[in-house]
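The following pair of complexes shares a single chain, subunit A, combined with subunit B in the former and subunit C in the latter.
Up next is the complex of A and B:
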């Protein structure tokens, strides 16, 4: 789910950036470092334009200047039970991997409807019910999140396909 | 899951009442039973008197798992005396067999949670990774066995086996040198034919040291597509490489663009957990009975029985394996020019029969320069690697960083110095010079080679790269044979009720199908052992000093083909593998036995590559006919192999225990003395040394000392060799000739010594004051001599210093 969230970030600038363009530098630093990063709980999708930079403070001993920036950003946080769309990245015998934005999810064979079976002899290997449902690398798929775990900079999820309206999307 | 009594209770405990009956559902941390325990406490009565009282306390036992109670092992009134007693069996709804990023893939629970009830962490239930492309998917032992079984059934059904394929130097060869790109664009270039199918790619994420985007040039081993095509009918193929993921993917795109051979079965360094080893268990954790590996290196596989070692594919001379910096250093071998020269030396194809002759004639005509440069570049590279490996195999980040840097360095060297281009330029130059010479020699060459080989004037220029590798044909033949044998045995095993073979199949479940599946680990070594069965091989001048022969790469390899390796010549010896450039003692000794075949290392490599005992004739090293025939004097020595034992040390072979009688020792000492007396003056101090030794008891330690002395002095024989051999041509006695041979002997140790001598200090072989040192010997110079004798361990630097001192004092006296 997407949220609008107020965030704070401390940025240290090298003295060589001190000058009339200093605000631009801070802006760029913020964008390159923060956008797309994951804190473990959520991913920062987009930083909104209006933000507020505190007065800089030179750190004794190093000459770097420290700025605290308050900004608003659109963040994305997955929840257990959430239904989301993703792209299959890899298909193996034990299930398949799905990328939902910054979240990597795994759908194990216990989470796949029993009529869909693994076919190792197809190239590339695929999960299929021999009908119109074919799951191979690159397939768009809709899954529901069964479990979530966050590590320092990334999130893992277990997805399921065993409910109504879940599975490969007709594109 | 079975719950056992934990270690943190106050034993003994007495069960009072069970809270859950059989088949009842139980939640995690809900009570399973109540119990009482006893302990001694201090009690104070109302008069303030303290007393120790034994008291009984009630407590309850919480379940550490949820599920259905399937069996109780205790009942009300049971006394549990110690930890580790079975209490209850609970059937869990999910046993967390497959875990992704520490989440159970079946129920979605977090496996890392730990609380007061946890006695075994849930993440520990699934410790095995058997997936190619990822690190985060782990399975339990049970699941791994199940998956392996499934693979086995599928393979048996389609009559296939698993094949693990290494990339670098096995099926492809990669270099980073820009030169290849230029040659590829230039049809005029002599190498154009060889490189026109080379494909290149760039990796997005490496921009090494500002050299700019780095191109990798990949040469496929000739016939690769057809090879994959045919082999994929017999084998399910996996890629297992020590390169990075990105590199492996790119190479896979080149060798298998449609992904029909490998699919996603690619395992790279990024998913291998270690940089040092490849492990079958990484992909086949429980069952490796149906796996065959092809790789050019056996050490990274720990000489696995599943391995078919293939001849190295070395297309870009000197480029080596750009991904090898992370691997342990390959054992170095003193295989010299023939290996390099033979495949490269002649532009036209040659039949094995006249191979030897070809190489010889060409090396006369044009090649020596080229061979030398190849070796030089190799040396430069390996030196870097050597340095790197000497850091030890400790797995710490510093070393890793160092290794990464070394790899960068190698790549940068290839980019900037462009060794291939240099070699080609050199080759061109050689060509121009040799053109005339070849024309002169033309006639002679023609007659030598017969009509198969025409010495038509070289097209225009020699090409450095040659597209004539035939390794894949050989590999394919082996793979076919192994596959055939496996399924022959499988069919036989199914017809005949399983009998004695079951014992060989370890750990196979009691199913009927399983018991009849043969094991590659048994089958393939058996096939290989037939090749050189019954031969006993001695290496001479091949394996570097200071290495245990039995565990050297070559010895392990040849042993896997059924040959035995011994360190010294005996009656059992059938082959001596020698360095054709150096006449070692062992070669001379072996020459006296007519049944021992003296061959170069190429013979062994060919045998091991082709899995056949091939004819030794083309690989035989020519030995002086005089040495072939035995004289009475030498016959005497033949009966006692120990005599030359101490000289073997100089050949880079470990010392073997020598047992000698006193009489023999006198013989030796006499001979030694004679030898010393007649040798040139610079060795005189050694001879005095030997005399003093003789006066003492002739023990083994003494013999060692002599040996060391002689080794040290051999450095000086280099110079005096010429005059000495002149002298001995006139003399006809056996003894004299033997001496001459001894003088000519060049050991690997000598090389080291001479290399070190270039330090600027006056060295022993300075020819100037030779007579002076002779005089000096008569002169009492106790200080110098004593130092020489007392410290046999002194290093070359000190020795050189000492000699400088000698010479100075000598010239003062003169």
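Up next is the complex of A and C:
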């Protein structure tokens, strides 16, 4: 789910940037370093253009100046138990992978209703109940997050579709 | 002189008492509570943070990017007419929102938030989930968002969902 969160970041600026355009340099630093970064809990998707910069303080011994920037950003944070939509990216015998933004979720065959079976002979390979439910690469699907794992700059999840109202979206 | 010192009664030194240092172990980390969206959402440090549906996030981000594009190239902190730093994550999210934002028209989105505003019993998270998932029936909404179960009767919820589906631009 997306949130509008207030965040804070300390930015160190090299002395060569001191000058009339200092605010712009800080803004650039903020956008390139923070947008798209993931803290392990949430991903910063977009930083709103209004932000507050504290007074700078020169760090003794290095000449760098340190600024604290307050800003608001749209962050995306997945929760355990959250129901979300995603796009199927690959289908294998053991299950399928779903991309929800930058979160990659895996739905294993234990998490797929038993009437939906893997069909390796179809091109592309698909999970299907031989009815209107077909899961192949590119299908929009609704899953529920069962577990989350954060790695250095990425999050991974285990999803399920073995509950009511989950599965491929009619489009 | 020395003799006098010898005769002087010795000051009894109190036996040294062992005192443990103030802190013998590292402070324990605060008990980690499981953060999840269930019947009782536990959001951790996002408890009072305003939640956005996919459509709302899509609208805000489109507006921010349009604003950046409008600035002249010299004033753009990223240089040129770039609107974001081209990281893989941002592109993935833009694509995701393009696919799953169900209310892309600004006036529909305003009408939607007005409709949801008229239900003060819903929390910000529940409103965002309702807006993102676009459920058809009250039962579906209560299954997918368990915290709704005691908030509204099926009839009230159904009325709200019907209202919302009228505003939706058909996607697909």
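Definition applied: the second predicted complex is superposed on the first by the 165 of 171 C-alpha atoms of A that agree within 3 Å, B and C clash if a C-alpha of one lies under 4 Å from a C-alpha of the other, contacts with A are read in each partner's own complex, and residues count from 1 in each chain.
As a working rule, contacts are C-beta pairs under 8 Å (C-beta built on N, C-alpha and C of every residue); 3 or more make two chains touch, one makes a residue touch a chain.
This structure is a prediction, so every number in the text was calculated from the model and none was measured.
Visitor: Which partner does A:116 contact after superposing on A: first (subunit B), second (subunit C), both, neither?
Guide: Touch partners of A:116: none, neither subunit B nor subunit C.
Visitor: Which partner does A:98 reach: the first (subunit B), the second (subunit C), both, or neither?
Guide: Neither partner.
Visitor: Check whether subunit B or subunit C contacts more residues of subunit A in the superposed model.
Guide: Touching more of subunit A: C.
Visitor: Classify the contacts of A:11 with the two partner chains as first (subunit B alone), second (subunit C alone), both, or neither.
Guide: After superposing on A, A:11 lies clear of both subunit B and subunit C.
Visitor: Check whether A:46 is in contact with subunit B, with subunit C, with both or with neither, and answer first, second, both or neither.
Guide: After superposing on A, A:46 lies in contact with subunit C but is clear of subunit B.
Visitor: Would you check which partner chain A:27 touches, where first means subunit B only, second means subunit C only, and both and neither mean what they say?
Guide: second
Visitor: Which holds for A:85: it touches subunit B only (first), subunit C only (second), both, or neither?
Guide: After superposing on A, A:85 lies in contact with subunit C but is clear of subunit B.
Visitor: Is there a shared patch on subunit A that both subunit B and subunit C touch, and which residues make it up?
Guide: 80
Visitor: Which subunit A residues qualify as touching subunit B in the complex?
Guide: 80, 90-95, 97, 104, 106, 108, 110-111, 120, 123-125, 137, 145-149, 151, 156-158, 160
Visitor: Residue numbers of subunit C touching subunit A in their complex, please.
Guide: 34-38, 41, 43, 46, 49-54, 56-57, 60-61, 64-65, 67-68, 75, 77-79, 84-85, 87-90, 92-93, 96-97, 99-100, 125, 128-129, 132-133, 135, 140, 143-146, 171-172
Visitor: Which residues of subunit A touch subunit C in the complex?
Guide: Interface residues on the subunit A side: 1-5, 24-25, 27-28, 31-32, 35-38, 43, 45-49, 74, 76-77, 79-87, 99-102, 140, 142, 144, 163-165, 171.
Visitor: Which positions of subunit B touch subunit A when the two form their complex?
Guide: Going through subunit B, the ones touching subunit A are 98, 100-110, 112, 131-134, 136-137, 139, 147, 150, 154, 258-260, 263-264.
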